[in-house]
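The two complexes that follow have chain A in common; it is paired with chain B in the first and with chain C in the second.
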Partner chain A sequence: MFKKLLATPYALFMALFVILPIIMIAVYAFTDAEGALDLIGNFQDLAKEPALGKVIKNSIIAGLSTAVICLLIGYPIAYYLTKAEFNRTGVLIGLFLVPMWVNFLLRMMSTKAVFTVLGIPMGMGTVIFGLCYEFLPFMIMPIYTTIQKIDKSFIEGANDLGATPTKAFWKITVPLSLPGVLSGLTMVIIPSITTFAVTEILSNGKLMLLGDFIYSLKAYNLNMASAISLALMILLGISMIITNRFNKDSEKGGGLW
Partner chain B sequence: MEKDIKKQTTAKKENVKKESKQPAKKPVAKQAKPKQEKPKKENFIKELLKDSKKKAVEEPKSEYIIELQGLTKQYGTKTVVKNINLKIKKGEFVTFLGPSGCGKTTTLRMIAGFEIPTEGKVLFEGKDIAKLPPHKRPVNTVFQKYALFPHLNVFNNIAFGLKLKKIDVEYTKKTGEKAIKQVKLKDFLVDPATGVPDFSIADKDYYSYLEKGYVKLCKVKKTIDKITKKGKQSKTLNGYKYYINEKVRRALKIVGLSDYETRDVDSLSGGQQQRVAIARAIVNEPKVLLLDEPLGALDLKMRQEMQIELKEMHRTLGITFIYVTHDQEEALTMSDTVVVMKDGMICQEGTPIDIYNEPRTAYVADFIGESNILNGIMLDDYKVNMVGVDFDCVDAGFGQNTPVDVVIRPEDIEIKKKEKGQLSGVIQSSMFRGVHYEMVCLANGYEFTIHSTVEAPVGKEVDLYVAPENIQIMHKEHVDNTFPVKFLSNTTFDILDATYEFSPSACFENCEYDEENDILKINGEEYTLKGHEAKVKFNFYNIEMTDDEYAAPLAGNVDSMIYKGNHYLVDIKTDQGDHIYADTEYLWDKGDRVGIKIEPDKFKFVDCDFLKKETTPESVSEDKDTTKEA
Partner chain C sequence: MVRKLLVKSFIGIVLIILYLPIVWMIVFSFTDTPSFSGWNGFSFQNYIDLFTGQGSNSARIQEAIVNTLFVGVFTSLLSTILGTLGAIGLHAFRSKRIKAAYSTVNQIPMINSEIVTAIALALVFNLFASTLQISGGTWAETAFKLILAHTSYCAPYVLLNVLPRLQKADNKVYEAALDLGCTPAKAMFKVVLPDIMPGIVIGGLLAFTLSIDDFVITKVNVTSFETLSTLLYGLKSGKHPLPPDIRALFSIIFFIVFVLIMIIYSPKKKSEQKA
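What follows is the complex of A and B.
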């Protein structure tokens, strides 16, 4: 009985800061400005919103390119970090994580300053650069942990059966590290399309992603902002379920989710 | 369930045997007159399956398939394998046997290619492959923890090697030079008219065959019945896939896991995973199969069953097996040759019977089977003294009054009525062990373990008899401890970075020592020992082992122990890796940390070059004899 009591603060916290906000979002999403029940009105308004199409398009472009670039840069880094000769003391992995300690806004501001000095025009390119810079560690970490968990004897087994080191990498390491890649992708795509400060700073407010869109809506249409948030949440939930199913198929790897 | 599988296996093995007995037609002959034979298209892959090995069969350049020459492996300053020389014949079943850390697995990994030797050669059919990466070696390994790929099912695990396989094809270039081309199985050429795969691409460039209308193996169609999850279905496979399918099916048949193709490897039991691991290795038809403690993770029953099956596989496949184990029973049961290893070196190699009956050292005797190991003195040829009694034996050539180790197997001691044996004793304990009774008899203060089908009751006075041919005499590996020392003063010296005190008058011959004035006289000459170097000897029985490592100048860990009837001979490994041997009546555990105490008057110094020449420092030889009485 006493043990159950100990859980009360957590339950309260969850109720106050997780469940209640979600309910509020749902309530706002399904009511109009006067508070009357309106199940589809907000979504209809959303569909009519002229800017939304462009925002979604931008989000997809920015999110996917960030994810792909992070994967292309992050996978080799994660792979070589697991090799003892490259990461004898763990210093190298530390170096990749240290930027995370610097305040995020500060980093973006200084990146912008560098771009300005170099005379590079602000736009999609700079935004993607900023997003990659910001979220690269989130790609490296899950891939690093999954690759590290792969039993060395699998690679030796593949070599023994006639696979060159390159073949063994593609046939053993890559498939077994897929769960890590999936978590990495989720951890990069979702935050990068819902962030707003990066676009604000690195495109001088010219470019809008979903995060910026919600941010801009909240000033005059809280209901529509809630509707789009709810839609995003449901989308996220579905993608998470798919990812988890994927993970279950190959239980050997361990992602972060 | 297991029994069913076994029945299947034996039945199927016979099939395999029959198939292999059919003489494989020489592909060269076929090429000469392909039109006349008109083999059916469907049959060509059968031919391929029969003779899928290299077309150019090289005559073995050496009668030994694997030869290790001076093989050494060091990790940093630690030497794991020391100068191993070994020759393995084609088709032999060789087992590396030894306790963990003896270097047996490292040796195997050097043959497999996972470790590059620091020194020495690994000859495969006379060619040095020591620096070749594992994927280029004609050997396959069954790993201790199987290492089955978790993301692939049974079929794909086994097919992994086949899909990567390349075949050496000899051909003659347009310029007339001969060359060897590696051809992927998939790209193998088949004559579309006859359906015969062409193993011998002579006189023409490989590609000119393609121009002639030859097709690649993967272009040929073949229909088979396949058991899928939906039941039996007809499926059309290309020739390459059919080939792989057939090979995998046969490998699974050999290990007794037919119809397991689509199973997930994680859903298999340990024994089944083991079988898949073996199938995955043998499907590639390696010339040498390496097995690294493959049965270690199985329970006893399963292990015994797999031992028999492995032995049977070895017989039917005719592949050379190199097996690593720490289980002496496993080694004796399965091998043609057993190689006993210790500390990275080979102690003895020979047939299981030789190793068991004629162990070369007490260590081997102790490691292989049960035995009574005793200190003895070889009085003369065919005469040995042990436990205070003279015995006849069949060994000679040890010299006179030489200290030796004597090994008597428990089943070789006969219990006789009083006054009918060589020594009398009292039965201390008796245990029923299924086939025999295991009895301990105390005679002349020594314990003898006896195996006999007839029980002697506890407390009974009996006589023991050992036939001369059952007394195995061997040289002692070590007679005493000898180490270089440096004197620090007239009463202290440094040995293995530790400082011991000694009393000079007891340790030097003809020595007087004035303690108050620190004056040392040997043979009348005065010496100051400080800074001089010599060697020190001390006997096993003069060492006192203590729990408290700080109570003694030198400490070490117990590395191994041999029971010698009334005491243990303990091998203590110091932190620097030196071995010190000590007699003790107490039983210590392997790995125990112990201090090594030696009384100041128990040292003998030899090789004292600083002494004037008229003295003979070799004064300790008579002291040796007292060793055995202790």
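What follows is the complex of A and C.
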């Protein structure tokens, strides 16, 4: 009983600063500037916003390219890092994680400075580079964890039964690592389109993704900012449910880390 | 083995790209050119300027360091206390439904988009400021606001670092302490806390690192309160966004973060890496 009581401060704090904020988003999304109930007004205003179409188009291009590039680079890295011949001590995986802890603004501004020295013009290409730079570890980690958990005897069995290593890889490792790939994709696509400041820095303020758009809305229309935030949370919720369903089949394969 | 060589060079190239901007910045922290080109002789002048307050951004840097550390230390303390108590309490519950509710709420700040979390917190702070009739704009009020905001997403990480330790610890020792006449509070300090201390320390370090690194939530919730991240953001549109003393400062921070991360990751086995 005494121990259970200890959870109260935490529960209260989370209710005030995690659950209440989400309720507030919903309240603002469904009311107008005067606080009167208005179920569709903010969404209609959003649809009328001239910049939004371009923002969504840019977000889809940037988000999907980032996801595909991170997958193409991250999967082989995660796969080979699970093999002792490349990563005996586990130090290498640490090296892939350290940049994640360096302030991302600093990394993006250094990247920009390097690009400037190399004479590379800022635009969509440099933005996608920056996003891949920021989110690659989020693709590597879940795939690495799922592949590490695959029972080695499956692959040995396949080899004993005559499969070539290539065939065993495609028939066993790839299907069994799909939950990790799926969590990786969720952890790359949504954060990359809602990231804020990366686009601004690496495109010299020419491009805007959803994150920058929400931030710019915040200054003059909290209701519209809330409406779009609510839509994003619902999207995130749906993708989480799908990912969790996949992961349940494989005993929680691809965790967050 | 051609394949082995190919794989090694692939991993090597990706690592070089990941570290190139950071290394480039560190190299250029030892010269005083305005941009990242045109080497102007090796010197420690940037570092000397940084510590003697002679650099072009010294006043802002000092203010930002004080603010960032203040918020970081108190966020870390508050997160550690709340997260540890939360973990002990959660561990004591038998009901699966309560556990599931906890872990769902716990996950929200970790997976929600940062900008959405930031806007949601701003709405709550607006609500509090108008109900309590305060402006929310003074230094102390802003610092307090940021500590609460940062704690809301740092405490879950502490909880997730402490929980596995509790699951491994033997609850019988706690019960024996009670049987032998300890009060629950005393048994908690003498038996449970020492058992889970490594998780608490790592959780606290993690909360500190997350707090000093935060940009989005800070930026959305402050007006005139400089942290290291907002300082960087303020410099972004200048002609040369990373001036010499800023490069020196962040080279030092890089080494501190590097050491902290090595401490956070090193004593743990592969199976229980962060959360």
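Simple rule for what comes next: the second predicted complex is superposed on the first by the 248 of 257 C-alpha atoms of A that agree within 3 Å, B and C clash if a C-alpha of one lies under 4 Å from a C-alpha of the other, contacts with A are read in each partner's own complex, and residues count from 1 in each chain.
One rule holds in what follows: a contact is a pair of C-beta atoms (placed from the backbone, for glycine too) under 8 Å apart; a residue touches a chain by one contact, two chains touch by 3 or more.
Everything quoted here is computed from the prediction, not taken from an experiment.
Once chain A is used to superpose the two complexes, chain B occupies space next to chain C without a clash. Contacts of A:107 after superposition: chain C is touched, whereas chain B is not reached.
Of the two partners chain B and chain C, it is C that touches the larger number of chain A residues. Of the two partner chains placed around the shared chain by superposition, neither chain B nor chain C is touched by A:51. Once the two complexes are laid over each other on the shared chain, residue contacts for A:159 go to chain B alone; chain C is not touched. By the touch criterion defined above, A:21 lies against chain C but remains apart from chain B after alignment on the C-alpha atoms of chain A. Look at A:4: by the touch rule set out above, it reaches chain C but stays clear of chain B. With both structures placed on the common chain, the touch criterion links A:233 to chain C but leaves chain B unconnected. By the touch criterion defined above, A:40 lies against neither chain B nor chain C after alignment on the C-alpha atoms of chain A. Put simply, the nearest alpha carbons of chain B and chain C end up 16 Å apart when the two models share chain A. In the superposition on the C-alpha atoms of chain A, no part of chain A is touched by chain B in one complex and by chain C in the other.
Of all residues in chain B, those touching chain A in their complex are 112-114, 133-135, 139-141, 143, 145, 147-151, 160-161, 164-166, 266, 280-281, 284. The touching residues of chain A, counted against chain C in their complex, run 2-11, 13-14, 16-22, 24-25, 27-28, 73, 76-77, 80-81, 85-86, 90, 92, 94-99, 101-107, 109-114, 116-117, 133, 136, 148, 190-191, 194-197, 200-201, 205, 211, 214-215, 218, 222, 225-226, 229, 232-233, 236, 240, 255-257. Those residues of chain C lying in contact with chain A across their complex are 4, 7-8, 10-11, 14-15, 17-22, 24-25, 35-37, 81-83, 85-86, 88-93, 102, 105-106, 108-117, 119-124, 127, 148-149, 151-152, 155, 159, 184-185, 188, 209, 213, 215-216, 219-220, 228-229, 232-233, 235-237, 240-242, 250, 253-254, 257-258, 260-262, 265, 270, 273-275. Residues 151, 153-154, 156-165, 167, 171-172, 175-176, 250-252 of chain A are the ones that touch chain B when the two sit in their complex.
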